[in-house]
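Each of the next two complexes has chain A plus one other chain: chain B in the first, chain C in the second.
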Partner chain A sequence: MKIVGVSACTVGIAHTYLAQQKMEDAAKKLGDEIKIETQGTIGIENKLSANDIKEADIVILAIDVKISGEERFENKKKVKVSTETAIKSPNKLIAKLHEIAGKQILNGKARG
Partner chain B sequence: MSPTSLGSILDRKTIITDLKADTKYDVIKELAKKFFEQNYIDSIDEFVEAVYEREGEGATGIGNGVAIPHGKSTTVKRSGVAIAILEHEIKWESLDDTGAKVVVLFDVGNDSEGAKKHLHTLSLFARKLGKSEVIDSLLNSKTVDDVIKAFDE
Partner chain C sequence: MKAFLKKANFKGHLLTAISYLIPIVCGAGFIIAIGMALGGKSQDSLVIGKFNLFQAMATLGGNALGLLPVIIATGIAFSIAGKPGIAPGFVTGLAANSISAGFIGGIIGGYIAGWLAFAILKYFKVPSWAKGLMPTLIVPFLASLVSGLIMVYIVGTPVSWFTEWLTGLLKSLNGTSNLLFGAVLGVLSIVDFGGPINKTVFAFALTLQAQGINGPVTALQLTNTATPIGFGFAFLVAKALRKNIYTHEEIETLKSTVPMGVVNIVEGSIPIVMNDIVRGIFAAGLGGMCEGAILMSMTQGEGATVPFGGFLMLPTMGRNWWVGLLAIMANVIVTGIVYALIKKDIPADATENQKQVTEEDINLDDIQVM
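Let's turn to the complex of A and B:
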């Protein structure tokens, strides 16, 4: 399935990017497509386009602070967690996203 | 991925291996001293204070024996990374039940405009630390070369 999300921590230096990496790896392991926008001290990177959001099956917000543009996800199924949760249990988190989106895990074989 | 080798960006002079330390404070202080000696920061005390301010906001131990403390302060002249591989694991607040055997300390200036390029590099380091292969290599690093190589994997 397609996952989009945002990651943002309090200082915006380390945990934001760690969470991004962990979630990307966990999702790819399951054959998912994933794009995580980071909102850190350097500003917004890997910005989600309107189309990215439109096509996504689910939105994951791994955030410890208020983010800019949260309203973009208003009509989407979404899950909000802390960056700590995303770093600590990325596999469990992605499995949870599947459950909520109602999408079977493909186990990395078939994509899209 | 970016062709720039992260290992080549690391400063050999701010990496310590086989550090004998018993407390979190010792490690942070040792690494801050390295930053000071290599002209990254103006004041060890002010920088350590900034690191502890961040520590107060939540665990910087990211699991598997790795901690990533960081300090943002006006005493920072240039951003960088200092790394300590400890002789033995010490107590450190973390997301799992481990302490810290590998400590990666970031220093960041308050002038985020001028530091933008550095911050981007630091974000790439943070991402690397999300990879278990990198963590394994770091935990087993005996020399500065091992540490640098770990980031190039």
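Let's turn to the complex of A and C:
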């Protein structure tokens, strides 16, 4: 499955990037493709292209604050969580995304 | 009710506003802290030839910090209504400042202005020839006027009474209650390492500082300063105990965590804490509790006149500067020793990837599918 998303926290120097890292690791473990854009205090990094968004099966927004460019994901299936959830339970979150998107987990044994 | 609260998203809008506020507090706070530490004083106006560099710095910072209610109002209104929220938020924030409703007024005003702008955009139908007038005139004019007047005539006065009452109450606190208040403040300041709780306490402490009560914001920022240093100190304590508590990656991280602490950025400790949340919070919470209790009880609730700056805050504490230093030291020592003691010994060659971390169950309330 292909996942795109945005992470953004209040201060934008720590949780934003931890959430990105944790979700990327968890998704790769399950054999998913993932790209997370970060909107930290420094600005937007790892920007999602229109093509990334078009091809994605699901959009994950791990955000505590208003993000810019949320309208890019109109008509996409979106899941919104706090950065805390993404950091604390990344594997379960990605598994949940599979459930919501209705896609099987390819690499089943890495679950849990 | 729960669905309404979730939809209204009070917390999310406040946090968005705070995320815009923080760089201003940090930048201006550092400028005013240096200026005041070197003898400057914030002036109402700078008259050419009648001020020196440090007075200029104190004034730069002081002016910016005086506008925090405006910034919080603008930020909240922007978070709710997007770009059209900025003008009414700004006007209402200034209204809150002029009627002495301060930071709380700014927060309330931001919600009013934002929702008004949002509602006008959504429900106010104009003929197509007037479409261009909507963002340039109708929304900014109507939303600013109505929310500004609500602030001045309805909300402002009760809020300023409330602020006065709270100020009076806190000023009357004596020894023991100051000790307890400080302890609670210290714990709340640090339990989530710069997260939403910390920022809420920060907003509260800033409100108080605007009323001339400097203790709370000092207690908050000094524990923010001390905690990252405390985690660095834990490394040394553990070494003395012949214990290994950090992985190689964590030791590398500590090299930036500690300097970040010195300049008052608590978030530097997050990568360390996230690897062992429960013990990290416990050690930091105990440290923060000691720090807050020492500071608030020994200074009778007085503190630094600037809201940010780490060690730079100490010179602005006047005769209490040594209490601030003592509080930082106590916090560093308590956090360091406690963390070194309760943390499990790990093999010297352990790395992040080998560690099996059990994952918390996902909080379903937090997931919104759209």
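Criterion: the second predicted complex is superposed on the first by the 107 of 112 C-alpha atoms of A that agree within 3 Å, B and C clash if a C-alpha of one lies under 4 Å from a C-alpha of the other, contacts with A are read in each partner's own complex, and residues count from 1 in each chain.
Keep in mind that, in the parts below, a contact is a pair of C-beta atoms (placed from the backbone, for glycine too) under 8 Å apart; a residue touches a chain by one contact, two chains touch by 3 or more.
This one's a predicted model, so the numbers in the text were calculated from it and none came from an experiment.
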With both structures lined up on chain A, is it a clash or a fit for chain B and chain C? clash
Could you tell me if A:18 is touching chain B, chain C, both of them or neither one (first, second, both, neither)? both
With the two structures laid over each other on chain A, which partner does A:96 touch: chain B (first), chain C (second), both, or neither? second
So, does A:10 touch the first partner chain B, the second partner chain C, both, or neither? both
Answer with first, second, both or neither: which of chain B and chain C does A:81 touch in the superposed model? second
Once chain A of both complexes is superposed, is A:42 in touch with chain B (first), chain C (second), both, or neither? first
Which segment, 80-88, 152-160 or 350-358, is the chain C region that clashes with chain B in the superposed model? 350-358
Which residues of chain A are in contact with chain B in one complex and with chain C in the other? 10-11, 13-15, 18, 41, 64, 84, 87-88
Within their complex, chain B touches chain A through residues 54, 57-60, 62-63, 68, 70, 72, 95-96, 106, 108, 112, 116, 119-120, 122-124, 126-131
State the interface residues of chain A toward chain C in the complex, per the touch definition above. 9-15, 18, 41, 64-66, 77-82, 84-85, 87-93, 96, 100
Contacting residues of chain C [partner chain A, same complex]: 12-13, 15-16, 18-19, 22-23, 78-79, 194-196, 199, 265, 267-268, 270-271, 274, 277, 359-363, 366-370
Quick check: in the complex, which residue numbers of chain A touch chain B? 10-11, 13-22, 25, 38, 40-42, 45, 64, 84, 87-88
